[in-house]
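Listed below are the structures to be examined.
Heads up, the next two complexes both have chain A, just with different partners, chain B and then chain C.
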Partner chain A sequence: MSEAKSEAIVSVKGLRKTFRDFWGRAKVEAVRGIDLEIRKGEIFGLLGPNGSGKSTTIKILLGLLHATGGDVSVLGKSPSSVKSKERIGYLPEETYVYSYLTPRETLMFYGRLFDMDNARIKERTQQLLEMVGLTHVSDRQVGEFSKGMARRTGLAQALINDPDLVILDEPTSGLDPIGCRQVKDLMLELARNGKTILLSSHLLADVEDVCDRVAILFNGEIKAEGKVEDLLKETDSLSLTMPSVEEGKLEEIRQFAAKLSGGAVQVDHPSMDLESFFVDVVNRAGDEKGEMSGAASGTDIAEFLKNVS
Partner chain B sequence: MIRLKQFLALAGLTAVEVLRQPVSLLLFVTALACMGMSPLFLLHNFGESGKIVRDGALALHMFLGFMLAGYSSCSVMAREIRSGTASAVLSKPVGRELFFLAKYAGVVVVVLFFSLCATGGTLLAEKACEKFYFSSRLVGYYVDNTTGVLLLLCPGAACLIGAFVNVVRKRPFVTAALSSAGVLMLLLVVGACFINEMGRPQSFYCLYDLRLIKASLLICAGLTVVAAIALLLAVRLNTVQAMTALTIIFLLGWVSHYFFGRNADASVAASLLYGLLPDWQHFWMGDRLSDEGVIPTSYAVRAVCYAATYSLAILTAGAALFSNSEMK
Partner chain C sequence: MRKIGAIFWLTLKSAVRSRLFAGSALLLFACMAGLPFLVKGDGTAVGEARVLIYYNIGIAGMLVGVLALLQACGAVSQEISERQIQLVRAKPVSTMHIWLGKWLGVLCVNAVLIAVAGTTTRAAIWARGLAGDDVKAEVLTARRRIAPAEERVEYEVDHLYLEMKEAGRILPESDESAIRQQLKLAIVSARTTIGPGQQRRWRMEIPTGTAPKGSGGTELRSLFNAAYRDEKPMLCSWRILSDEGDELYSVAPAAYMDGLNRLPLPEELVTEHSSLVVEFTNEETRDGRTVIFNERRGLEILVNEGGFGANMFRALLVVFIITGLVAALGLTMGAVLSFPVAVFASVGLVIASLIAHFFMATEVIPHSHDGCDHASHEEFQLEIGEKMAAGFERIIGPVFSQKPAELLSEGLLIAWEDVAGTALLLFVVYPLLLFMGGALGLGRRQLALPESF
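So, the complex of A and B:
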């Protein structure tokens, strides 16, 4: 990891959270002594089944929930610090947007919560609407949107302040495969531009595609943590990709490999994953596109997010 | 400066949110329609139609205002906490106290708007109702049917304009109808000065009972207290629970002087309870207006100060409670 990535953006030590009932009695111990460190420029994945404590941990980092115990530091400050939130972008698990506002009004509203002048808010709003593919529906109320379109609005609002730390809770939930791919590309692009990303997701393929490191939570505890490639690497087997050859030569290769390895050899054609295939088909169809009522494909990352910090 | 900008953004959003709720339009329309009907359809008034219309209009202002202030406060706070929009906003650099106070300010803006419309309706209804005139110009009972009919038509016209704006400009119907109601009411209050006691055209002359402005102002002050209490309750309770608790407090507030206020000097417990419960009697001047009674300005100032102090105390408690609450 480079020197630039060594600064700890999020630091959590011994974090505990117990939810209590109306009378103050302990009800659920959601987080049980978590230690985490997320460094600058990193995409960190928080994985785990439902109720494992992912969203609780994220809400504690944002100061929305109070920790029962442990030390938490976000961007060098306590999570309750209002100041540190100027540098954070947050996409909640559910798309919490005001249903009677349009996407444009939503982004303008969230922009006004930051120290930005109106001209800059308008400029960023336009860029983000183009980025998430909602320009052509920017004057419709979000309440009329599909889940995926509302999700795109939520994603745009999380980036309005050009945050240094982006916290995304299930960002691809409700998105079509193209939207999923765009969000993943966006995360990679943001990380390349020096942003730190904390991603929580049930979709393991998403996490595998983009995360540098992951932590797997179960019942409020971290059960595994490390670099994705280190965790997934099967060191006792190899795969070799080469151009296709005729059947006779293939058998020779199989026998040769079996002789060298001393074990069974499996030979097959590599296949494109369904997501790539789907994106390919839809992109080709999109070349003949007419007017769309839903979200458009969106464009590249917004210009203001490209500044390398 | 940024705090002020955030405050205005949040308060403005809250006001818009409340004004886009269909229930707000329902309460506005009900208030204005009932005020319009009261002078026109009164039977068996025993020469007391002025008092009946006046009391009825003020009671509508108080009761429907209570519904509006209470429900709006509960819904904007409880619903935002439970739907998660509060979490989304509080993940931005927004202090919790600022969020809470901005919500209050937004609701108060709507309450003021409602009170302005209701005050206009009260003035117009009182002007239109049957009265006995004994002057060199006019002797006998007269009803200003023109003003009464115009007042009755006002909410319907507002809804028609709202529908038109919705169809042509694609703006939300409720907001357009409510804005139209406000504008129409203002025009009607000015325009009715060109209508005489018998409902016929005249040159500009004000026939309104201006004492009603002070009475309406006091009700409006009471409604700001309702909004503050409802907002405090909604921090911890859902909308139904908060509205139930608010209704109990509202009812207790009407009898707080009878049960506790009279004994406040003799009993510490009574004094404490009287201090904790709002005394709505301070804001009800319907009886005072009978028999040409007046509301002293000094009294109105004291009642408004009471409302402001009480609201401030409630808001302080609410902001402290909200600061420590968790956003799930």
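So, the complex of A and C:
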């Protein structure tokens, strides 16, 4: 990890959150003493089953909920600081955008909340709409959209300010496999460009594909934390990939390997995962595509997000 | 400013797309256009024009006020319940930006609706052919009303009360405040009653800024009744004196019928003097009768100062200011409470204010006497109720003292300085207090609580 990446963007110490009822009686202890540190340029995954405290933690980081105890610092400031939010992009677990606005109006509206000038907002809006594949429906109201299209609008609004910290809560929820892949590619691209990403998900494959480090939450506590490869590495076995050979030679290899390792050797063909296969098929079909009413595939990352900060 | 502008634009967009707005705008237009064809005045064009203006402006104020309250209550609370506020608050936006942007948005909607109401009312007056000379002179005008300075009667009340007490005409267990109230009414009543051969003087303060239009129309208007009905007129005379007692203008004894009487005055009287003394003499004659001046509008000087259009604009401006305050109240309630609770609380507050104002204005609550030892629980409760109502009245009195529909329909001037004073209090001071409460409340509120909380 480079020197630049060692700067802590999010720092959480002993975070606790208890939800109380109208009379002030403690009802749910959603977060029970979490310690976290997310460093600049990394993709940090917050994993856990439903109700484990992922979204609560995120909402505390954004100042939408008040912590019951502990210290929280986001970009060096308190979560309630208006100033720090200038550098944050947020996509909630549901896309809470205004149904009566079009995607273009939505992006223009959120852009203005960042005090950006109109020319820049327009330019970024166009780039983001292209990036999420909504250019051809940019003047339809979001209320008429499918969940996935609304999600793409939500994702675009999270990036309108070219944020340094992107907080994505279940970003692939409601997206088709191509959309999921694009979001994952986008996260990797953003991280390469120096952005820090906090990803909350219960889709393990998503997290495994993109995250540098993860924390697994259960019942409001961190049960495991570390680099993905360290957590998943099985140090007592090996896999070897090579071009296909005829059956006789394969048997020879198996016997040789068994002799060397002194244990059972398993040989099979590596398989493509279903997501990659799906993307491959749809991309090929896309070459013959006509007019589409839904979201298009989208393009590469928006130009303004490529600037390495 | 761009942040406030963005939220303002969003509020407008939301209002324009809402069925509540469309329905209210339609209802307002229907009322404004339809009411003139339903109302009947006193059979005269002047009466019809008065009723039309009074009801149209009154109903417009009420409808826009209700819509403003509902819209403002929902502007923040519904965004919280539908969770869009989470995305807004995750941006660099303070609660002050949100409150102000929303308020300006609701104000803009109010302004559009009030403008529609004003234009429709003006068109209705024209459509009903209510533009004759008498209507122009009495209703479609803007006359400054100068009423007699309020006379203090406390000294006379004290004197009479002590006199009665010493004479043993007051029982020890009597309610002192009730007796004083009765004495006050008797004194005021005696002052408005002038017998044959008697004289009465009123002091009139001329407000600074009184500027007659220059086309005449300045007049002394009196409204009195004879003690008993008779076909024969009464002989009365008027004199206008300076503060020092110099005669400035006089009218020789002439015949007057009971009812409304008008006496044209030279404009210099109100431009060259800061106060005038009006003297009325009920001349002693064989057919002389006692005259009783109307308590509310017995005597007034009317100065024609401007046109109806500008006056109507100011009346609508006052309506706009009041609906703006209502919107501020709704917005603050909506910032700290859920939508139905905010509406309930706001409406409850308005109703409580109205009741307090009614009781204080009509003095239905008898004033408890000083030094009372609260002999009964009921008396104590009454005193608490009175104090609460008085407190309420002190706060909301300036709101209910605004009568734009009444003044406009009477052809009375709504002066710019009055509008400015109203605006300062009801459009700046009160909303500022509500704004601070609303912004603070929203800032302290947790905006992403699970639904069950």
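As a working rule, the second predicted complex is superposed on the first by the 309 of 309 C-alpha atoms of A that agree within 3 Å, B and C clash if a C-alpha of one lies under 4 Å from a C-alpha of the other, contacts with A are read in each partner's own complex, and residues count from 1 in each chain.
Quick note on the criterion: contacts are C-beta pairs under 8 Å (C-beta built on N, C-alpha and C of every residue); 3 or more make two chains touch, one makes a residue touch a chain.
Predicted model only: the values in this text are computed from it and were never measured.
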item: Clash or fit, chain B versus chain C on superposed chain A; value: clash
item: Partner chain(s) touched by A:13 [first = chain B, second = chain C, both, neither]; value: neither
item: Touched partner set for A:192, first chain B, second chain C, both or neither; value: neither
item: First, second, both or neither for A:223, with chain B first and chain C second; value: neither
item: Partner chain in contact with A:306 - chain B first, chain C second, else both or neither; value: neither
item: Which of chain B and chain C A:21 touches, first, second, both or neither; value: second
item: Which of chain B and chain C A:249 touches, first, second, both or neither; value: neither
item: Contacts of A:147 with chain B and chain C, given as first, second, both or neither; value: neither
item: Touching both chain C and chain B, counted on chain A across the two superposed complexes; value: 59, 62-66, 82-83, 85-86, 88, 90, 92, 94, 96-98, 100-101, 109-110, 112-115, 154, 157, 161
item: Chain A - residues contacting chain B, complex; value: 59, 62-66, 82-83, 85-86, 88, 90, 92, 94, 96-98, 100-101, 109-110, 112-115, 141, 154, 157, 161
item: Residue ranges of chain B in contact with chain A within the complex; value: 2, 5-6, 9-10, 13, 16-17, 20, 83-85, 87-95, 172, 324, 326-328
item: Contacting residues of chain C [partner chain A, same complex]; value: 2-3, 5-7, 9-10, 13-14, 17, 82-84, 86-94, 443, 446-450, 453
item: Partner chain C, residues of chain A touching it in the complex; value: 19-21, 27-28, 59, 62-66, 80, 82-83, 85-86, 88, 90, 92, 94, 96-98, 100-101, 105, 109-110, 112-115, 154, 157, 161
